[in-house]
Amino acid sequence: MQIPFAIIAALTIVAGIAAMSLRKLVHCALCLALVFAGLAAMYLQLGAQFVGFAQILVYIGAVAILVVFAILLTNSSSSLLPTVRSRSWVFGLVVAVLVFATLVKVILASSTVAGRSLPENPLPTVKDLGTQMMTYYILPLEVMGLLLTAATIGAVIIAMQEKKPVEPLKPGSAGAPPTHP
Amino acid sequence: MSELLEAPAAGSVTAAPRNYEILPKPTDDGEVGGDLLEVAMGPHHPSTHGVFRMDVVLDGEQVVKLKPVFGYLHRNHEKIAENTTYLASMPYTDRLDYLCSMTNNWAYALSVERLTGLQPPERAEYIRVITAELTRLVNHTCLVGFLLQDMGALGTPLMYAFREREIILDLFESLTGSRMMCNYMRFGGCRVDLPVGWLDQARSALDGYEEFLETFQKFLTENEILVARSQGIGVLPPELAISASITGPMLRASGVNYDLRKVDKYGIYDRFDFRVPLGDHGDVYDRYMIRVLEMQESVKILRQALRDIPGGPIVDPKAKIRGFRPKAGEAYGRIECPKGELGFYLISDGSPNPYRYRVRPPSLINLTVLEDMCLGQTVADAVIILGSVDIVLGEVDR
Amino acid sequence: METLDQIKSRIEGAFPGAALQIIPNESAAQQPSLVVDNASAFAVARWLRDDPALRLDYCSNVSGVDWLPAETTTKTKVKKLVNGVEQEVEEVTKTARPGYLEAVYHLYSMSLKHGPVILRLRTLDRAEQNQVPSLTPLWRGAEFQEREIYDLFGIRFDGHPDLRRILMWDGFVDHPMRKDYVEPDDYDYEPTPHDEVLEKAQKHQGTEVSA
Amino acid sequence: MQLHHYLIFSALLFAVGLAGALTRRNGILVLVGIELMLNAANLNFIAFWRFSADPQAMQGILFVLFSIAIAAAEAAVGLALIISIYRHYKTTNLEEMNSLQG
Amino acid sequence: MLGEGIIKGMAETARNFFGSYHDADRMTTVQFPEDRIPAKENARNFPFLVFDGEDPAKGLRCVACQICEKECPPKCIYIVKDTVKKPDYIGKLQFQPRVFDIDVSVCMSCQICVEVCPFEAIKMDTDYEFGTADRFGGLLLNKQRLAKPNTYYRKIHATEAAEVDERLAAEKAKAEAKAKADAEAKARAAATAAAAKATPTPVVSPTAPAIAPAPAK
Amino acid sequence: MIADVLNGILLMLWRVVSDQPAPLAALLPALPEALRPVVSAVLCVSPIIGVFATLFALTTLMERKGLGRIQNRLGPNRVGPFGILQPAADGLKMLTKEDIIPRSADKLVHFLAPVALAVPTLLAYAVLPYGRNLVPLDLDAGLLFFFAVGASTELAIFMAGWSSHNKYSLLGAMRAIAQMISYEIPLILSAVTVVMIAGSLSPAHIVARQDGFIWGWVPHWYVLTPWGFVGFLIFTTASLAESNRSPFDLPEAESELIAGHLTEYSGFKYALFFLAEYLGMFAISGLGVTLFLGGWQAPLPGLDWVPSYLWFFSKLILMVFIFIWIRGTVPRLRVDQLLNLAWKFLLPLALINLFTAAIWHFTAVWQFPGALLLRWLLSAVMIGGAYVVLGRALSPRKKVSLRTYRYAT
Amino acid sequence: MDEGLRSELSKQGVFTTKLTDLYNWGRKNSVWPLQFGLACCAIEMIATTMARYDLARFGAEVFRPSPRQADLMIVAGTVTKKMAPQVVRLYNQMPEPKYVIAMGACAISGGPFKQGYNVLKGIDRFIPVDVHIPGCPPRPEALIHAFMLLQKKIYAQTFTGAARPRFLDPAAPSEFPVPAFGEHDLVPPSNPAIWRAPKFDREEG
């Protein structure tokens, strides 16, 4: 249990750092996909099968692809900026380190967390999950559906580009009026 | 214009002729960049039927600019012909439109006959009609195959087309000795007479061909994908077609009734009963269908010609093989080859070599409107529009 | 269709300034042609296209022709005093015709189904003054053919929308269809040489030896 | 394996995402950083669920499922916004998007 | 209706698929190296030189008149004429080509050399297996490779060869008859001349043609 | 010890051949504890790779010969008897071919792309039930797993297209992704119909639900219900698109885009792509067999003695053959038509089909005579009506139809 | 081991295989041509792949549109000077081992068009050619014959020794310089490293 975890965790973190620091944006996106895959592996390791597969399906199959498309559509893949860091990057880094330090301190200090290991109880099946979702959590599920629909429509509207298309010739459509030189 | 369009075409006939004088140029050269993608399709590209190149500017998948680039098969046919005798150019004409050597031969022979006044005997005229119409069958069948290939059918229509082509090529081979490069016509007649039994072979080949046309139609014409891919695509309005000197099936698909077999009545075409199919939309589907219908009419002509062919000599006795020197003068002769009007313009200065030898290539001139037809369509459409124009690079570049 | 003479006289009526000339054609084709001066060519061509009796809406073929400078010898009999006696002497006068390039348009009518009317436009010479008006604005079909003539003969068409080389590459400088064009020398392997090929091959090998 | 391993790993991932979101100039990468932080949070939920006394109570899993859906919606809208902004400014560099006029 | 045409098309392809197993019309493949499409009688590929009799060195019909060399459109024939006449297979003196090369890497199989040849000496072969890795040696056919006997010609183009033979025989008979007549006339003339030695009339002696068909020079 | 192992192997093989449960359990106890997981994994994975690699080789040959027969010719027949060694020769050549990486390419991504495509494709095989007792990994959420790994192949195709640094590659990759994402939705929706009826995401369970025969001879397969039939059609269409087969082979449309995202790939990497593409096709056909065609179930009663995996593979080959047949017949769609077909036709039809399946499910309680007929009619009318209406609406113009032509004499 | 003995042995059921043989066997039986046609001969090349002649029998119907996946370039038709750089570029883009068949008179020598100012007198002036097929155009059978000739040639190749093929010789180039467009002609008009006109020694007799 320890060794697989270590391998997955190391890979995921390295991929995460790469995703945040590489120069070529497409590489960043591919590393992001690797992070998602690592997390999915971790979910599987933790016995959350359904979530793990959903993670792959949604994050790798959709979000990573979306990011890639955005990169290509904004032409940022080809243009290499002289620097990829923002002006206040030192500040950002310091903040991140501080946050991390605080979190670690809290985790290690917490008594509820410390030393807790895996319980032996049986894990729920997909059927249980479905039953729960369709009964107790039906309202959040519906709201979620509504949100997704709204988000899709909104995204399409935002990203839609109004442009005048080049009209193909149709029977009877006239060309330019005669202009004699 | 109304006399051109035998029946009212869909909403396109107006009293005053519309002029397509200078093509509307929707884009300038400086505009490319940003979101637009420049793709040079060709000269080695699977879709361009040889070594043709289209410099395409794409907005997404949409064509906003398309410039044809020629010359990758410019083999200097005219220059070579001006440096050699009249007869020696005949085999070179085979290699112009290398799918239809017989009609090329005929066009050249006709021009020289115009220049010199030679008159082919009746049997030769019949043989010319038979071979030319067989050539038309070969060309149109192959074109449909290639068009479907461009549309992405994995070779099956092309295979069926070539299966039938082989049958006709067998006929050509047993008549002229060569499958493709027949070099068959001579000034004032034909080279050799029909071998024994050739007419019967031709008749049975024709029976098979009719059956093939039916199944081919069943196989393709109703196919939803073909219909959806080709209807309304690459529309060519009749006025533009006339202004751009478009000829052949492409012109008739736009609804203009102009077939040199009817207009010039060259050879003996006035003796045959056949009709000229006309399209109303001028799109890729019409161009495909006009060719299919023309094949049916060709079969009709062939039936009559094979029935009526008389005996007799096959060459004008005045014709000479060696020492052929036409009087000074010039002539322009043209025929309806499968791709359109193929003309030869000859200027003679009395020497054994032509002073000026010019080919009027239908394929090249039919490409004039390629950009007009492709603008606003997707790149996949541009490919099949090019396919429906029916070009052969040997003739485009010469 | 009217004869070319009738057309010519009607054009002269419509355009009094136009200089027209009919070139007879001796061949069996009987296709005489009409030379139009460059200044009025465009107007005449448009008139030909739009005239209701002609309606030459279809420009079938455009060819370039290269006419090298030539000498025409005319023999005239002149009465002259030779040795004090008046004799009829044949005098040979040589007139040098300057070379020129020619664009020949074969015009037909699709609506009236007649033709051809052959129009010839001539440049002044074969070097600098090599322009004629472009008829592409009248007939789109002339577009590629005029480009080809520009490429191969070097006639410049004024008013052509896109006059670039079409068959040869852009960096090419010659006009290969001209009668005085010299081909590049690649006669290094000619196993069956005779006539002009032999000459060229020998020339090639000669230069190879000296180099 | 113990719970705090997962939590520390998740904190590290969160910090990486935060650092990326704060230090990169490109709008898309900022969004990617946010995505990483969200994922780190999801891992926490799963870990807590797994190490809880009763895994049959599936709040953790369900929360993560909903969170994934929200993240997908967020990514779609966020990237659409970036594309739209890009069309306007011809850049995805956040520091250059400082003018409010349309 | 959506899908109907596609189903019809699929029925057609299925018909061809199953048909190819039992219907000869639908399995058109000729497995080339083993099976061959029978050559058409008129088929042509590259020219060859016909010789009569057994020995190509003697029986070549070609008299090196070089017409084909001049008329060949791509100029792929090269002939060097012999300086002396040599006896042919029946012992008649003839010019022969010292060199007769055809560059098949240039030849366009147009058959114009055959058409212009007044001696029926050059004909079209039906052989097509000329593929070679040797660009310079393998594609320049010399006289030895080009010369093929008349029997071969009769085999590949039976009808045409029969006609040619008939024509040649007729010409030969005519020439022989003429030669005979000439010889008779000569003898008669000589006789009359001998008879009328006293009357000095100029004798016109018609020259008999040296070779059977008149050389077009 | 060794005798035990041999005995175990023989027993395992016997169990596989005779369709008995738990073949692996026959061998594993004979092995030392430490070796068991490894051996179990190897024994699960290697037959899959072996069988499907062989199937790949045979399919390429079958495709070439089948297309040949459709086109009235013989196809490869010279390499080995009947040409069966042709794939071996092709493989050997591909392996020894020079591997070109274009100068401007992104070398690492260019290298990784075929691997990133092949690995998820192989992973998808883990959850398919090949026989009565042959499921490598009987996951509770097996179907979700299948679609999840299927979705991750899109990224690999993008990697291939982008890293080649070639316009055609990039265009091809973008087309491929757009197409795969679009067709994933009808694909999943048609599978959801089955999940809904079967009440499980586990492929093995879904196959088990299709057991038995109606009236003793009509198999209980989902394809033989109205919703199942339409679902199967949707599934087949979408899987054609997912595996980039004609008429949806736009990403590799050679008349437009040379070879799409594969344009710059040569040698072994190209072979890997080729392999992955076919493996993807087999996987998705296998899923189709599992979902709609009763998986490994025999088509008629009394044929149970035939090993179940043979039924599975014969159904799989049948589906592949249909794919080849379609490939030999139809031309290719245009991009917008392709997307229209997915979004405006297949997606609504799949939704209506889902609804129809629900009605089918809830009317199962009807017990009166003729209930089955009524259910059939109801479903058929619903789905048939939707088909007609959507099909009409799909035509881009109302006037797209066969035309009549006029003649001038 | 000579061909006859080997085939005799294989009839008896004895397969003698060396690594070279296996390698050559694979290459020989899987020659994928580049989908590339220039002129008239291209039509005959297509006809060769069609039902009547069926090049597929040799496993060679897999015409690849991208040069990266092709083994064989069939130069089918006239190579004009405007096209020659493209042909060389395509050849350069093909992976080793690659073969070239010059199909038809034009590709070998310029053929009937060799006197033209824009026609290259043979593609072997720029790239090495394995098999030449004369004919204008060659019959489809002639192409199949040449293809089998190429197969024989591949099968006879050895790994080592002076006779080893070009692609196994590290010193031999696999890419060739692409000619540039000059003002009158291609620059250079031929590649002297691979093409030199032979000293012409006509045998007479």
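Observations
The first chain written gets the first letter, and so on, giving A, B, C, D, E, F and G; residue counts start at 1 in each chain.
Assume contacts are C-beta pairs under 8 Å (C-beta built on N, C-alpha and C of every residue); 3 or more make two chains touch, one makes a residue touch a chain.
Keep in mind the model is a prediction, meaning the values are calculated, not measured.
Common neighbours of subunit A and subunit D under the contact definition above are absent.
Looking at the partners of subunit F and subunit G together, the chains they share are B, E.
When every chain is reduced to the mean of its CA atoms, the largest separation from subunit B belongs to D.
Note: the chain lying farthest from subunit F is C, by mean C-alpha position. Per-pair counts of C-beta contacts peak for the chains A-D. If you average the Cα atoms of subunit C and of subunit E, the two centres end up 43 Å apart. Chain centres here are Cα averages; for subunit B and subunit E they lie 35 Å apart.
In this assembly, the C-alpha centroid of subunit A lies 57 Å from the C-alpha centroid of subunit B.
The distance from the centre of subunit C to the centre of subunit F, with each centre set as the mean of the Cα atoms, comes to 67 Å. Within subunit A, residues 50, 54, 62, 69, 75, 179-180 each touch two or more of the remaining chains. Among the residues of subunit B, those touching two or more other chains are numbered 20-23, 46, 71, 74, 76, 79, 83, 91-92, 95, 156, 159-160, 163, 166, 181, 221-223, 225-227, 232, 240, 280-281, 397. Shared interface positions of subunit C, defined as residues touching 2 or more other chains, are 137, 167-169, 176, 189, 191, 197. In the complex of the two chains, the subunit F residues touching subunit A come out as 106, 109, 139-141, 144-145, 147-149, 151-152, 154-155, 158-159, 162, 170, 174, 177, 181, 184, 199-201.
Interface of subunit A with subunit D (complex): residues 1-2, 5, 9, 12-13, 16-17, 19-21, 25, 28-29, 32, 35-36, 39, 42-43, 46-48, 50-51, 54-55, 58-59, 62-63, 66-67, 69-71, 73-76, 81, 83-89, 91-93, 95-97, 99-100, 103-104, 107-108, 113-119, 121-124, 128-129, 132-133, 137, 140, 144, 147-148, 150-152, 154-156, 158-159, 161. The touching residues of subunit B, when paired with subunit C in their complex, are 1, 3-4, 17, 20-23, 25, 70-71, 74, 76, 78-79, 83, 113-117, 240, 242-246, 256, 258, 263, 326-334, 341, 343, 345, 347-348, 355-356, 358, 360, 364-365, 367-369, 397.
Across the interface of their complex, subunit B is touched by residues 2-6, 8-9, 12-13, 16, 28, 40-44, 67, 71-73, 108-112, 115-116, 124, 159 of subunit E. Residues of subunit F that touch subunit B in their complex: 67, 70-73, 167-168, 171, 246-247, 249-250, 253-256, 258, 327-337, 395-397, 399-403, 405-409.
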